[in-house]
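Before anything else, here's the structure in question.
Read from first to last, the chains carry the letters A, B, C, D, E and F; within each, the first residue is number 1.
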Amino acid sequence: MIVPIFFLFSLLFSSSHGAIQDFCVADYSAPQGPAGYSCKNPAKVTVDNFVYSGLGITGNTTNLIKAAVTTAFDNQFPGVNGLGISLARPDLAPGGVIPFHTHPGASEIIIVIEGSLCAAFVSSDNKVYLKSLKKGDTMIFPSGLLHFQLNAGKNNALFFVAFNSPNPGLQLVDYALFGNDLATELVAAASFLDPAEIKRLKAVLGGSG
Amino acid sequence: MIVPIFFLFSLLFSSSHGAIQDFCVADYSAPQGPAGYSCKNPAKVTVDNFVYSGLGITGNTTNLIKAAVTTAFDNQFPGVNGLGISLARPDLAPGGVIPFHTHPGASEIIIVIEGSLCAAFVSSDNKVYLKSLKKGDTMIFPSGLLHFQLNAGKNNALFFVAFNSPNPGLQLVDYALFGNDLATELVAAASFLDPAEIKRLKAVLGGSG
Amino acid sequence: MIVPIFFLFSLLFSSSHGAIQDFCVADYSAPQGPAGYSCKNPAKVTVDNFVYSGLGITGNTTNLIKAAVTTAFDNQFPGVNGLGISLARPDLAPGGVIPFHTHPGASEIIIVIEGSLCAAFVSSDNKVYLKSLKKGDTMIFPSGLLHFQLNAGKNNALFFVAFNSPNPGLQLVDYALFGNDLATELVAAASFLDPAEIKRLKAVLGGSG
Amino acid sequence: MIVPIFFLFSLLFSSSHGAIQDFCVADYSAPQGPAGYSCKNPAKVTVDNFVYSGLGITGNTTNLIKAAVTTAFDNQFPGVNGLGISLARPDLAPGGVIPFHTHPGASEIIIVIEGSLCAAFVSSDNKVYLKSLKKGDTMIFPSGLLHFQLNAGKNNALFFVAFNSPNPGLQLVDYALFGNDLATELVAAASFLDPAEIKRLKAVLGGSG
Amino acid sequence: MIVPIFFLFSLLFSSSHGAIQDFCVADYSAPQGPAGYSCKNPAKVTVDNFVYSGLGITGNTTNLIKAAVTTAFDNQFPGVNGLGISLARPDLAPGGVIPFHTHPGASEIIIVIEGSLCAAFVSSDNKVYLKSLKKGDTMIFPSGLLHFQLNAGKNNALFFVAFNSPNPGLQLVDYALFGNDLATELVAAASFLDPAEIKRLKAVLGGSG
Amino acid sequence: MIVPIFFLFSLLFSSSHGAIQDFCVADYSAPQGPAGYSCKNPAKVTVDNFVYSGLGITGNTTNLIKAAVTTAFDNQFPGVNGLGISLARPDLAPGGVIPFHTHPGASEIIIVIEGSLCAAFVSSDNKVYLKSLKKGDTMIFPSGLLHFQLNAGKNNALFFVAFNSPNPGLQLVDYALFGNDLATELVAAASFLDPAEIKRLKAVLGGSG
């Protein structure tokens, strides 16, 4: 005779408050804290909170950088909240580039899926780590360092990027310097760039001042 | 003459917002985040929030595994919230067992209080670390690895378990595989177990499919 | 006249000991600690330490699970040491499976590159989160929970996996239970599986006892 | 012709929920969690949330310890919330002292701005690390250890203190032992101090019992 | 026919350097770093590295505090190195006390096994959280705060303590103030204690100066 | 009669291996790991390892940026190793500037000691947080974001900077882009700057290519 023991489970766990928390799916309607979004009630969590299809769509590269970045960060993909990881998908047309940028506080690892890349990061003692990457190659970009990826090939390039943060951020040097209202003279003083060049790039990137 | 200097304290700390936070007693009525429950207003915290008596009660072992686990995790014991530690009390009748399980993301250390145990963990390169433990023995189970504890003696066994997380979780392999509605053919495909054996254990553990 | 200011750099940093450390490329010949391998002398680090080509090669799936996992963890790929991230490449022939397993202490995020998958994880309260994934889909597997991926399609499947650890580990339930010398009676006691079934799987997986 | 590409930014980031979170300015009206205060809506954050002027004011040292500590912790300075760092400004008149104290869970580093100090910490194996510090000297006090700073000079002393926590706490031994209602006999039993001495200090520090 | 698939394991993992690291058993002969001791070669690790019997022995309480603390920290118990947890065993004769102390940077949770305790911690805003504990009671002491435990009963008391650090430290206020060569006048200045009382306790605790 | 109890200490701690570790003073002659330098033998540690006088010396600002940064990081100041904090001292002559830079993975908090500053950081959604700071003002710069500090006053400016890392790094955008051998065409492609401007700055900053 088979005696069911499934009642054991309630013996093992007689929690008075709430469900077991193996995850913390983002509840965008509740307060956010330093560790991420508040958790959705586990009883309302479904598998769809852990699945995201946005990275399956080719980005639109008909822009000046001939590139697009589609992200699966915690503000789009609620399942990664609090789990210390996220993904993104850069598409680059020939000549496309993800210009010099940093991810504040997250390391990045990439895998090339289509085409080829010229990629580099610069260490804080000013050395350049530059490499041509082909399909199947992986490269690691240490946390917080300036880097870029460029499609020097004749075909589209596609790679995937993983970050060890659900919210790695992305700071593009060009936008930080030229895409806002920071006065040209201050940009010049803090970058040694020629004021005329700054004004030229402000016009291109929508900045003023 | 004695001059009181207790007014110094307000000089030292002239905080404009809220009390000093040495702890974060769980407020079960407010949102939960990746780092744990929201904090109860410190003005309403009492010593009873830091004391828990549930582990003083012998667990009921009259079940098929002849064992019970009583926990003092953050969802029962509000004082451990955010403090990175918790306790549990397994009781095992003779022949009782805490079957193969993991604690996702927490290490475990045990101390045997009564009786004896046969305990083991398996490393990810598949080696078995198996030991007979007697009263007073301590064993460490590295984070996330499969392990079990079994009372091979003739008397009841009692041990205490500490985890370096207030919410270590407990995933029992039997329940994960057989105690839910995951289809028998999928369980078979993902475990190489015989479908008949899977169905037998589903019946025992309350699973379906 | 242009006056070079590159001597500024040495003014800014007059470090007495060693180079600036933005990374810690693994030195496999020096001691390993809880945080990872010792760091290679930065003066000897080259860009090749940050690039890995092993994931570009299709795994050999002519085995019983019809699957292979190629990893870029810190013990193969020295550049990820200490940086909190790594990658792996599972290949699955039709019917192939990465059987029930956990990664002790790391979350996992996947992106499907070719073919389709049936993937699931089980939470510690025993619910199944099961989904069919097609090319371009992303799924997150919370840290430490049991999960599997199965190729239910007619074509090969390829996906990439990122972990928020350079050394996530991989514990396969089948190997932990049946692929070593843990005595059949102990496996039976700790899993409720039938001893005959255990012996059958021990034979398949190379275990004894 | 210059073609603006500032629309690129919205291509790069098509976040469905909320703004990018590089910081988490404290919202004192929302729940607090183990990782800190909830985040203010980024759209309402201004530069003034990241600037604090309270440390520019000389503390009032006309009290028995002839010292004052002004803090820029997360409960006064909302910008440091979640960022792992904070500052404080001790002022010491001649003979002034910051008595034996600890910061639970934060390391402290100081820089002397005016005057001189006699500073010491005691390690947990009971050794004293004592040093006379002059203007411009830096000293590190390892996390959680008892330490004090004393102005043994003839002029006022000023130093700044940084902590690797936005909420380092400050526990003064005198206040913990004598500045509350813990019964004299318990203080005596737990400190070996003479009951008469305990009662004397309770009177000085506003304690009772 | 049964075809062994145990060769799969080497297919799954073709690591070029060293073994898989689920743990880092302390190698006391190699350098120690901020994260703990170096790791023993995994090939030489045995189950005995994960088991410790020292806590099974009653401590010798024939001393002035009528108490003893036996520890299972990483410098005695190599298996806990790097795993974020440890245990200790205080024994208290009637009237015995673990005097005011802190653990720099670790939270503590206790479970009373025999006898009864009077236990308290003081928060950094100077409140006392005091409780009488009986067999089976659990109490949490937040990280870094001053606390004591006292046996006010007529029988021996035994409790176990878990820390969320393999190396929690233990700083006893009495020893820090009176058990070393810190000059009496400095102790007096930094504690407001009477110099005569300081000298009395220095004599008791082996201090000088 | 006074009975010494200092022998208690050895009863409390009967460690078999090495000393108690409250700190990990850098041993520059042993291997470095991801968590920092190896620890100096505690028996050889003195108070001088915890004190640093280098920040008391005014930096030499007779260079093109009219500024100097003196650091107390773990490679100069062994006592901060592993303790999660460090300090630096920027001096700025009138017109001096610490140009656009980031600290990979560390937050920064400053306090103005002399003179005045114009300081700003840019968030990753491209907003500028700009403020004039006077003596006594504190400003926080969130981890990893681009920022600069400029002396717009007529007198020298001095401020102190604390980081929540013993090794925060410092990456200057100018040096990363122009102070090395990265080919002008790649810099241009990855920054949209005019090649002539790039070559001009390469000449100034000692770069080539």
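Rule of thumb we're sticking to: a residue touches a chain if its C-beta (ideal position, glycine included) is under 8 Å from a C-beta of that chain, and two chains touch if they have at least 3 such contacts.
Since this is a predicted model, take the numbers as computed values, not measurements.
Engineer: Quick one: which chains contact subunit B and subunit C both?
Structural biologist: Shared contacts of subunit B and subunit C: A, E.
Engineer: To lay subunit D over its twin subunit F by CA atoms, how big a turn is needed, in degrees to the nearest 5?
Structural biologist: Rounded to 5 degrees, the superposing rotation is 180 degrees.
Engineer: Roughly how far is subunit A from subunit F, centre to centre by C-alpha average, rounded to an integer in Å?
Structural biologist: 26
Engineer: Averaging over Cα atoms per chain, report the distance between subunit C and subunit E in Å.
Structural biologist: 34
Engineer: Quick check: how many Å separate the C-alpha centres of subunit B and subunit E?
Structural biologist: 20
Engineer: So which stretches of subunit D touch two or more other chains?
Structural biologist: Answer for subunit D, listing residues that touch two or more other chains: 9, 13, 20, 22, 31, 33-35, 83, 104, 123-124, 126, 130, 142-145, 169-170, 175, 179, 200, 204.
Engineer: Chain pairs in touch?
Structural biologist: So, checking each combination of chains, I get A-B, A-C, A-D, A-F, B-C, B-D, B-E, C-E, C-F, D-E, D-F, E-F as the touching pairs.
Engineer: Residues of subunit E touching subunit D in their complex?
Structural biologist: Within the complex, subunit E contacts subunit D at residues 97, 99-100, 102-105, 118, 120, 122-124, 126-128, 130, 142-146, 148, 150, 169-171, 173-177, 179-182, 186, 189-194, 197, 200-201, 204.
Engineer: Give the list of subunit A residues in touch with subunit D in this complex.
Structural biologist: It is residues 26, 28, 31-35, 59-60, 63-65, 68-71, 73, 75-76, 104, 167, 169-170, 172, 175, 179, 200, 203-207 of subunit A that touch subunit D.
Engineer: Within their complex, state which residues of subunit B touch subunit D.
Structural biologist: Where subunit B meets subunit D, its residues are 2-9, 11-18, 20-22, 24, 27, 30-31, 33-39, 81-83.
Engineer: Quick check: in the complex, which residue numbers of subunit A touch subunit C?
Structural biologist: 9, 13, 19-20, 22-23, 42, 46-48, 50-57, 72, 77, 79-80, 83-87, 89, 107-109, 111, 113, 121, 123-126, 129-131, 133-145, 160, 162-164
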